[in-house]
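What follows is chain A paired twice: with chain B in the first complex and chain C in the second.
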Partner chain A sequence: MSAKSLSKGKGRVKKKLSGSKSYLLNWSKTFRGRLTIICLIGLCLIPLLTQNRYYLGIFITAMIFSIFAASWDFLAGFTGQVSFGQAIFFGISGYITSYFIRYLYLPWWASLLIGSLVGVAFGLLIGIPALRLKGPYLGLATMVLGLIMFYTFLNVKFEPWLGGSEGISKIPQISRNAVETYYIHLIFMITSFLILIWIGKSKMGTVFKSIRDDDIGAEASGINLTKYKLIAFMISAFFAGIAGGLFAMHNRGVNPGVFQPLYSFYAIVMASLGGIATISGSALGSYFFWFAAELFSEWPDVSVFIFAIILILVIRFAEHGILKPVLERLKDIWDLVLGK
Partner chain B sequence: MLEIKKVYHYYGKAKSLEEVNLSVEEEALDVVIGPNGAGKSTLLRVISGLEEPDRGKIIFKGVRIDEEKPHIIARMGIAHCPERRRLFYDMTVLENLELGAYSLKDKNFKELLEFVFEIFPRLKERRKQRAGTLSGGEQQMLAIARSLMSNPKLLLMDEPSLGLAPKIKTSIFEAIGKIKKEGTTALLVEQDAVLAMQVGEIIHVLEEGKIEMRGTKEQLEKEPRIKKVYLGI
Partner chain C sequence: MVPIAEVIIFGTIEASVYGLLALGFSLVYGVGGILNLSHGLFYLLTGYIIFWTYTTIGIVWAVILALIIIIIVGGLSYLLLIKPLQENHVAILIITFSLGFFVEQFIKVFGDAIPHTVPSFVGGAITILGVPFPSQFFVILIGSFIVIAITGLFISKSKIGKSIRAISQDREAAMLMGINADRTLMYTVMISAALAGIAAVLYVPASSIAPHMGWDVLSNSFAIVIFGGLGSLKGSVVGAFILGYTRSFVNYFIDPAFSALVPIVVIILVLLIRPRGIFGKKEVY
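Now for the complex of A and B:
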């Protein structure tokens, strides 16, 4: 490459950087941007209020499930591939991460990376049926694959290799310091969200959305459906894997329960609560879900009942999730306070 | 330019195309007419690779394409404007057009955009609007425009008049006439035989998966059966 073209390339990068800089600046001036920044600052300040491991744990769980729900939202909301088997990626990464930490003594971050990459490999595997199946059929197929994983890992015959119903336990946590653990999870959440939102806004994101809107139209426009569907599955599986690995470390172990369809439904419920195809709505949904779960933790039976009612109400009155209406109400109040 | 040789296609056991022979010359505008379920859409889907023919050859510019994947065929220069428009309804008009230019390698995107806006000035006014909020006629315009954005050598159009008011139908067909004048080869499938025969140079009549007749407008107008069944005179 000649020096001239190199400098030209550099110029382009600079232009792009300054472009995204001004985009960020404009974004931070909008109501939504300001609210996001306030929320993020709030999350950063939480450890000043409490260093209690239990209370920080609630926040950490919510963050882990924000990533998990966002990974589902990316696949379903952006690419239109509704999976009921998101727990497959979550669980397999949990197992692999735990295995590498417990038996091969790898540092947690390396194990987490390996776990997520194995998740990506499973994303590729699960993505293959998705090339032929659509809509509810894909949902059923992925759910059944999740159940197969659940029963395989639970099976007594495989216990020597897969750990049986006990799974893998006694994994050290990321850090003994609860505050440090909290910040590591916060960084994971913010980075995951930034990457997912950035992909959504990129050219590839437009291609994903075109597949969601009309796959035949996309194919007729020269888009390689096979390639992009598989890429979407792999990206989604990677972030579900990150969440799964973090979840295993947070709980200091995994058991076959992580493969239960229940976890897939958690992701779907949280993403739908927040708002599908928004990514950031998943965080709102997840926090809402876990705080509510904490509130009703003394009556676990009642909490399931209440969740079901909330979900029905959300679907009935706000089919696009609560993120948008909540933002609009808040803006009204904000304007009222400022006297606009 | 395009040659279809003895193509057969089945949906399961149901025969949809039977020994179809058809060739489209460079810069021609050919039309396929026929009743519902004759296999018109299937014919286009087979050409663009959305369906694979069970037997026969399809040759485009000297290359066999009957076993290629749809996105490869699209990149070779065959644009398929599918039935019922198949737009990306949640995206803006401009984004739809950008995706139409997806397989374009050289960067004359702006020129093409200008060309498309010249043919459909309406789309220029609405370029920031979501495709789902356009009227039926505008959506059809956008569907054709999106296909044109890939700078195709051959444009396949599936029932561009579907579900449109007669007046809008005429304006769509005027646009198709303009596209033809610019030198794009096109193969059009249409139920509205009267309109189709006005624009088409060679008209192929497809019935129950077979090409029953073909010829120019003048030739076909002499046929008593065509007169009775398609033109209603």
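Now for the complex of A and C:
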């Protein structure tokens, strides 16, 4: 690289660019990279196979929840802060998005952005008192906050403002065309994952991991704990908010049920299935969950029941999720096929 | 005019029931440093076992059966789930959270989602200051006071109680003195389950149970324990009374719809003003 002829700044940019290019190239040659690319191409080709709104809907739900699960995984896996109230951000963004579309007639993307930003504001609002609490207490406090949101939105007294148990309904979908909707969700999913993985690999991600591994040590090295914890909280809230807004539009309405601990449970079960602190594992967990849930679509309670058992078993016996062992097994088969 | 007797009686009832619940929750935290998110399920499961069995075996045997089962469930949940993960607080939280979900969904799948109630032990009503109250209320009051007193005596006087206190004060020193920490912690979880079970036995006849109620029980217990100071038994009882009366006053003088918001207001205020709670020794952050 002819660094001498270039100004210093330009050289750095070029180096960074070429570095990331070779990183991507190397990544695409590894087994994981190839698998990811094959899965992504597969997802792009799904609408060629079926244009049935119902079947595409399953994929869309899985995509929305993979963003949601990834937002939880980012917070828990990278910064070690377990939130059992991820549904707060999911729900509030769903409500705000629906409100702006239904009553202020804003385009869906603007409403979604506003909804997610309100989610971020909530993250900040909750983060300031809650981050005085360490680990386990934070989890419990966020869970209680989620319950309170649930009761506030369910409250009959607040019905004129918050919609009561009916919530907000009859909001238009993103697009009448199912295939178009599918691709919009796919783009949202891929972009969210890229950003989250990028943050995880960036300098800030390293700071987050140092807080997770040793917060006293991190503080001693001059890291402002509260600031970075809040940033992590807000990033997580933003992506949970995007998922919540998309979910509201996909379901064409939103009701207080989205604040239930059940939705936080969804995020946790999906992320844990795929493997905590892997981000991409959340997507696998989410698809697995919704395909399995489809088998029990007539008894929705049964699928949550079974997944509660699965989550207990996964946490108890396979702390790193089930994605990793399965991937390693797949790699053996792949090597066998290639004759390595 | 709002009858003041009613406000006070209802406050005392809620307080004594939540005192039992918070006591168990706080005990497990104080001894093992474990925040048990499945605490609500002990309450819920006891209520449902009584509801499912009382028609066939009678209310007395149903209560005995439910308490025995809930103590076994408590012991098993410690042995099988909490003990192997003791080093990892996050994993304990997730696993107890999913245990709570497991029981909620179990009830939804094998039972139904509508609220139920069970008959009370004693019928009739007692009139105080011109207001008739169901006799069950007095069973709750007397029962929970007796149970809280027995628990206090048990913790301070019995051998297991002494080892429980020893472990909570200094785990390593207690282990060097020959106290089996794991077994003590198992007893603690069983006591906590039994206290939640007794709360259900007393309170369910006067109210109702539904699958989602475990989370409300948990959030109230948590608010009380944060308020009273984590790990302080005195704090949980005092906190329960303050929260119970506050809820009751809000119910009558402001609006019943707001009483569900009391716990969170309490939690936020305590965290902002005095994070260790009123009787807590250690700060929670």
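Quick note on the criterion: the second predicted complex is superposed on the first by the 323 of 340 C-alpha atoms of A that agree within 3 Å, B and C clash if a C-alpha of one lies under 4 Å from a C-alpha of the other, contacts with A are read in each partner's own complex, and residues count from 1 in each chain.
Convention: contacts are C-beta pairs under 8 Å (C-beta built on N, C-alpha and C of every residue); 3 or more make two chains touch, one makes a residue touch a chain.
Bear in mind that the values here come from a model prediction, so they are computed numbers and not experimental data.
By the touch criterion defined above, A:Gly217 reaches chain B but does not reach chain C.
Taking chain B and chain C in turn and counting the residues of chain A each one touches, the greater count comes from C. Once the two complexes are overlaid on the shared chain, A:Thr206 sits against chain B while remaining clear of chain C.
Of the two partner chains placed by superposition, A:Cys44 touches none, neither chain B nor chain C.
Shared-chain residue A:Ala110: touches no atom of chain B or chain C.
Within the superposed three-chain model, A:Tyr137 lies in touch with chain C and out of touch with chain B [touch as defined at top]. Judged by the touch definition given at the top, the superposed model places A:Ala308 against chain C, while chain B stays out of reach. Once chain A of one complex is fitted onto chain A of the other, the partner contacts of A:Leu225 are limited to chain B, with no touch recorded for chain C.
By the touch criterion stated above, A:Leu295 is placed in contact with neither chain B nor chain C. Listing the residues of chain C that touch chain A in their complex gives 35, 37, 80-81, 84-85, 88-95, 97-99, 101-102, 105-106, 108-109, 212, 215-216, 218-219, 222-223, 226, 230, 255, 257-258, 260-261, 263-264, 267-268, 271-272, 275, 284-285. Of all residues in chain A, only 76, 80, 82, 84, 129-130, 132-137, 139-141, 143-145, 147-148, 151-152, 155-158, 260-262, 265, 268-269, 272, 299, 301-302, 304-305, 308-309, 311-312, 315-316, 319 touch chain C in the complex they form. For chain B in complex with chain A, the touching residues are 48, 50, 69-71, 74-75, 79-82, 85-91, 95, 98-100, 102-103, 146-147, 150. Interface of chain A with chain B (complex): residues 206-207, 209-210, 212-214, 216-226.
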